[in-house]
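Okay, got some structures for you below.
Look at the two complexes coming up: chain A is in both, with chain B in one and chain C in the other.
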Partner chain A sequence: MDPYLLDGVTLGDVALSTVKAVLALVVCLVATMLMVWFERKVIARLQNRIGPNVAGPFGVLQTLADGIKAFFKEDNIPENADRFVFKLAPYLSLLPAFLTFTLIPLGGDFSGGKSGTVTLPGGQETFLQVADPPVGVLFFLAMSSLGIYGIMLAGWSSGSKYPLLGSVRASAQAISYEAALGLSLAAVILVTGGLSMTEIVREQATAGFGGIIPNWNIIVTGFIPFAVFVMAGTAELNRPPFDLVEAEQELVGGFHTEYSGIRFALFFLSEFMNTVTMAAIIVTLFFGGPAGPNLGILPGWLWGFVWFFAKLLVFLFVFVWFRATLPRFRYDQLMDLGWKLLIPLSLGWLLVLAGIRVARNGELNLLDSAGGDTVLVIAVSFVVLLVGMGFLRAALNNARRERLLAAGLDPREVG
Partner chain B sequence: MTVTPEKIGSEETSATPTARATRTPDPEGGQLDRLPRRHAVLRMSEVQAAELADAPLDDENEQTMLVNMGPSHPSTHGVLRLMLEMDGEIVRRSKPVIGYLHTGMEKTGESLTFLQGGTNVTRMDYAAPLFNELVFSLATEKLLEVDIPPRATWIRMLMCEINRIASHLLFMATNGMDLGAVSMMIYGWREREQVLRFLEKVTGLRMNHNYIRPGGVAADLPDGWRDDVLFLLDMLPPRLAEYDILMSGQPIWRERLQGVGVLAAEEALALSVTGPLLRSTGIARDMRRDEPYLAYDDVDFDVLVGTRGDSYDCYAIRLNEIRESMRIVRQILDKMPSGDYRVQDTKVTPPPRARIDESMEALIHHFKIFTEGFKVPEGEVYVAVESPRGELGCYLVSDGSPTPYRMHIRAPSLVNLQCLPHKMADGLVADAVASISSVDPIMGEVDR
Partner chain C sequence: MVDVIVFLIAGAIVLGGALGVIVSSNPVHAALSLIASFFGVAVIFIIQEAHFLALVQVVVYAGAIVVLFLFVIMLLGVDTSENLRVDPLVGQRSLGLVFGGLLLALTLGGLFLSGPGGDEGAVALTGQESVVRPIDDRSQIEQLGEDLFSRNILAFQATALLLTIATVGAVVLVHNRGAEDLVIDEPGLSVE
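Let's look at the complex of A and B:
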């Protein structure tokens, strides 16, 4: 919880919350606007093009120009559409994207065991984030599930076939990847011991191995949860290579085929807002968020901003890079990846992490020392993990063989 | 000139057809039995489709839905329209609907002289225009019974192979785009643009060149052409190696294409499929080798075949045909003879520009050739060449006048489109896109 809310809520606290919310909205919108520009510019360079360069310096204001244009475009609602839901859907898609953003600690000084709070001129102590609910991570999961409703309802209410297919894909994809997303998050929660975002950052801000290597969760949880999270997160965002929901070459525009004008722009905006938010979540959960050394000159809380946005930029670039490089998955391949690889892997890894934790705390008492226990647990876990994966592979191959035989195909020849 | 499928099949089927659903023999026997997936063709008229759309929903029986893909759709390569009967995301039956780009070029050809014909046919397969001009010119020359000089022949070969490279690069671009690798679209076009720049330097135009004409070519190769060709030959190999990194070796790419849109060899033969699509099924049929025209006898090249007939084979064959074409171009550079670039037959060839200034007769001669045209002896003829898309044929009938009595182009895109329902049957809609892409139809050629 934010310190200023602990001793009862005064009118000043409400005002402070409002100011913070407005500021966060501004930051979020500006970041989204810049992200649209950044993506267009970077992908243009990756594709040997120039990209937007007319509106404003380096074309930075292109998004603004596009937004203004979208406002004045005709807003067409198809005849067969469910008018109310059709109008509602873009907002349903935008709202969760912003609500998730409120969870993210944008700055603050976490170096040297500091708590990351800033003291305002009024004497109130607060975090540099809109809200720090004790259920932080769960709230994120809830919002990312809710975000799919916008897409689903948009596709369904359009009363047309391509959007319908897009929305069916969206719901299937969301359900599949939510599980992988949650399980990889569980690893982070396990090592942190709490759900609050600030707590997760504070845990990572402590000095790690040898005092040099940071104590970031990507290292602490052993990379696998991070890899799973990035993949599942990309799928959750419907970004390439998992952008089946709006696969242009297959479904024209996917769920937003029938949308035009500002309603379409809202979908577009929420998509990029989600991208920014997801990159910020990755940074917070696995890369210590605003945690980083205080290099002087600037006040400590500002260094938090600097580190946070530097890390954020790296992941935003990674998302653009994915888009420029990878072909799109097919629907069934996407499901295979989710259910047959990511979910078993993150589940197995979570159990391994839990086992190691128990052993390191010395609660196992199999060998004489906790260290010996840890080694034993790691060895046994990996054997179990490998055997488990072997079984899974065998089961998958067998299922595939039977499926092919049922279809009258020879499995040896299909390969 | 038509080759019966049986003949090719017995000689050159180098691979067994890929595994397929157990097939029941056709009670009537014969050709249909060679199409195990003929049920995949949706035979439904527009009227029936419209009636279905108006019919009240019946949840009990209606398990499939009818989706129109195209004529205006991002991945139907122009204005191809597909009527898909879909069971969820799975395409059960389909029907390609063509005619949205019909321009009546074959009919127009009957009112244009043989010299003007080139400007007409070049607009059919606009990704490989020189092949259209070539086949039309070869047919006209066969009727005229003129032999063109060796340099003209070799220039034609050079230009056609370079055009084949450009066309296959366009395929690389669109295939990448259809599968979601959008950067590939730009890369393919980037390289194609370099190739087109050379074509522009030689012919004056990027496309629709009207460069190959009855009697030879419109102009000799410009100064420095050798350097330009060498530049292309140096530029392309590293770029193709990049494609290999970006696509061929990419796990997602392989997953998306391998085993998708499989066509069996006998299906392909029964449907008269030609070109890379036929070769992908393992049948080594290439007009350049099997019925050599121009001077393809004198150059050394391989006919590339696949083994599975899937979309990946189609992709790999086209990628490597670019390399094969470059090999041919290298040989042409060594063997390019000197001499005339067009036949010195005053009946067909206009007088040189310099003579027109000096001689009244030459001026009249020039005027007559370009207004009235030259007369072509009575007869009918069929000539076929290997275009990037398959066997491109030209059937020409002359009644002795300066315009053809009938001109027909056997367009490989049109014939290859027939296999689409068979390739797409029981695949996902994403695979349908991959199948369309691997057929690589050019709608201008389909509708003519």
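Let's look at the complex of A and C:
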């Protein structure tokens, strides 16, 4: 909980919270606007084009120009549409995107065991995030599962076939990858021992191995949860290579085919806002968020911002890079990756991490030392993992063979 | 003071949503009202400092179960063909009214018997002492986890088993419907 909220809530505290929420909304919108420009510019360079270069310096105001244009466009509502839901859907898709952003610690001084609070001129101590609920990470999961509603209702209420197909694909994809997302998150929760976002950052701000390597969760959890999280997160965002939802060749435009004008712009905005938020969540969960060394010159609380936005930029670039490099998945490949690889892998890894933790705490007492126990646990885990993977593969192959046999085909010929 | 204001707003959302569920003739609108109602309940949980319960309410009910409802409504197309004037079961509505009234009476009775700040109402209705224990200093999630994996481990495992059986059952049901339909989905297989 934020320190200023601990001793009862006064009117001033409500005002402070409101100011923080408004500031966060502004930061989020500006970041989203810049992200749209950044993506268009970077992807243009990656494809040997120039990209937006007319409005403002380096074309940075292009998004603003497009937004103003969208306001003045005709707003079409199809004859068959469910008018109320059709109008509601864009907001339902925008709201979870912003609410997730309120969880993220944007700055704060975590160096040298500090708790990450800043003291305002009025004397209140506060975190540089809108809200730090004790169940922070779960709130992120809840919002990402609510994000489905906007897409699903938009597709259904359009009263048209392509949007409906697009939205059914989107919901199936989001539901499938949510499990992998949650399981890789569980690894972070396990090593942190808490759900609050500040706690996760504070844990990573401590000095790591040898005092030089940072104590980031990407290292502490052993890379696999991070890899799973990035893949599942990209799928949740419906970004390439997981953008079957908007496969232009098959679905015209996906769930927002029938939307025009400002309502379309809201979907566009929420998509990019989700991208920024997801990158920020990755930075917070696995790369220590605003935690980083205080290099002097600037005041301590400013370094939090510097580190956070530097790390954020790296991941925003990675998302654009994915889009420019990777071809789109086929639907069966998408489902195979999610259900047969990511979920078993993250679940197995969670068990291994839990085992190692028990052994390192010296609660196992199989060998003489806790170190010996740890090595033993790791060895046994990997044997079990390999055997498990072998069984899974055997089961998959067998199921496929039986399907082919049942269809009257020879498995050896089909290969 | 803040608690009261938040409670009034959340309560209005809960009741409004509940009313919307039974009043709207379009099933999708009814499902949306249900989500609003769940949200109000989650906010009320948060005022009671039951953060974990609030989030579970949102993730499980609003995020998963209503999505399933909507899937069924959208894909089966019941949204247009349902005639609301006809009772599917004879006497369903009058019985619903009777039982609804009884439930309301029970709840209100419990509320009035318990009086301000006591739990005599619960005792009067069920004959059982309250099993709620005071919360200690540790976080709620820690206590919940410890309780779930020590005292209630059997119930937990039984639930897991039940879910596994349901999953296997679903697979078996789909599988027996005919393997011919499924083989076309096989990757890398060209259909002659």
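The definition used in the following text is that the second predicted complex is superposed on the first by the 412 of 415 C-alpha atoms of A that agree within 3 Å, B and C clash if a C-alpha of one lies under 4 Å from a C-alpha of the other, contacts with A are read in each partner's own complex, and residues count from 1 in each chain.
By our rule, contacts are C-beta pairs under 8 Å (C-beta built on N, C-alpha and C of every residue); 3 or more make two chains touch, one makes a residue touch a chain.
Not measured: the values here are computed from a predicted model.
Look at A:I297: by the touch rule set out above, it reaches neither chain B nor chain C. Once the two complexes are laid over each other on the shared chain, residue contacts for A:R49 go to chain B alone; chain C is not touched.
With both structures placed on the common chain, the touch criterion links A:R328 to chain B but leaves chain C unconnected.
In the superposition on chain A, A:V252 contacts chain B only, with no contact to chain C. In the superposition on chain A, A:I212 contacts neither chain B nor chain C. In the superposition on chain A, A:L195 contacts chain C only, with no contact to chain B. By the touch criterion defined above, A:P241 lies against chain B but remains apart from chain C after alignment on the C-alpha atoms of chain A.
By the touch criterion stated above, A:K161 is placed in contact with chain B alone, chain C being left untouched.
When the two structures are aligned on the shared chain, A:V85 is found in touch with chain C, with no touch to chain B. Where the contact sets of chain A with chain B and with chain C meet, they give residues 168, 330, 332-333, 407, 409, 414-415. Taken in their complex, chain C has these residues touching chain A: 2, 26, 28-29, 32, 35, 51-52, 54-56, 58-59, 62-64, 67, 70-71, 74-75, 139-141, 179-180, 182-183, 185-189. Across the interface of their complex, chain B is touched by residues 43, 46-49, 161-162, 165, 168-169, 240-241, 243-244, 247-252, 323-333, 407-410, 413-415 of chain A. Residues of chain B touching chain A in their complex: 18-22, 65, 67, 73-75, 88-89, 176-183, 186-187, 190, 246-247, 250, 252-253, 255-256, 259, 428-433. Every residue of chain A that touches chain C in the complex is listed here, in rising order: 9, 14, 82, 84-85, 88, 133-135, 138-139, 141-142, 145-146, 148-149, 152-153, 156-157, 164, 168, 171, 175, 194-195, 330, 332-333, 336, 400, 402-404, 406-407, 409, 414-415.
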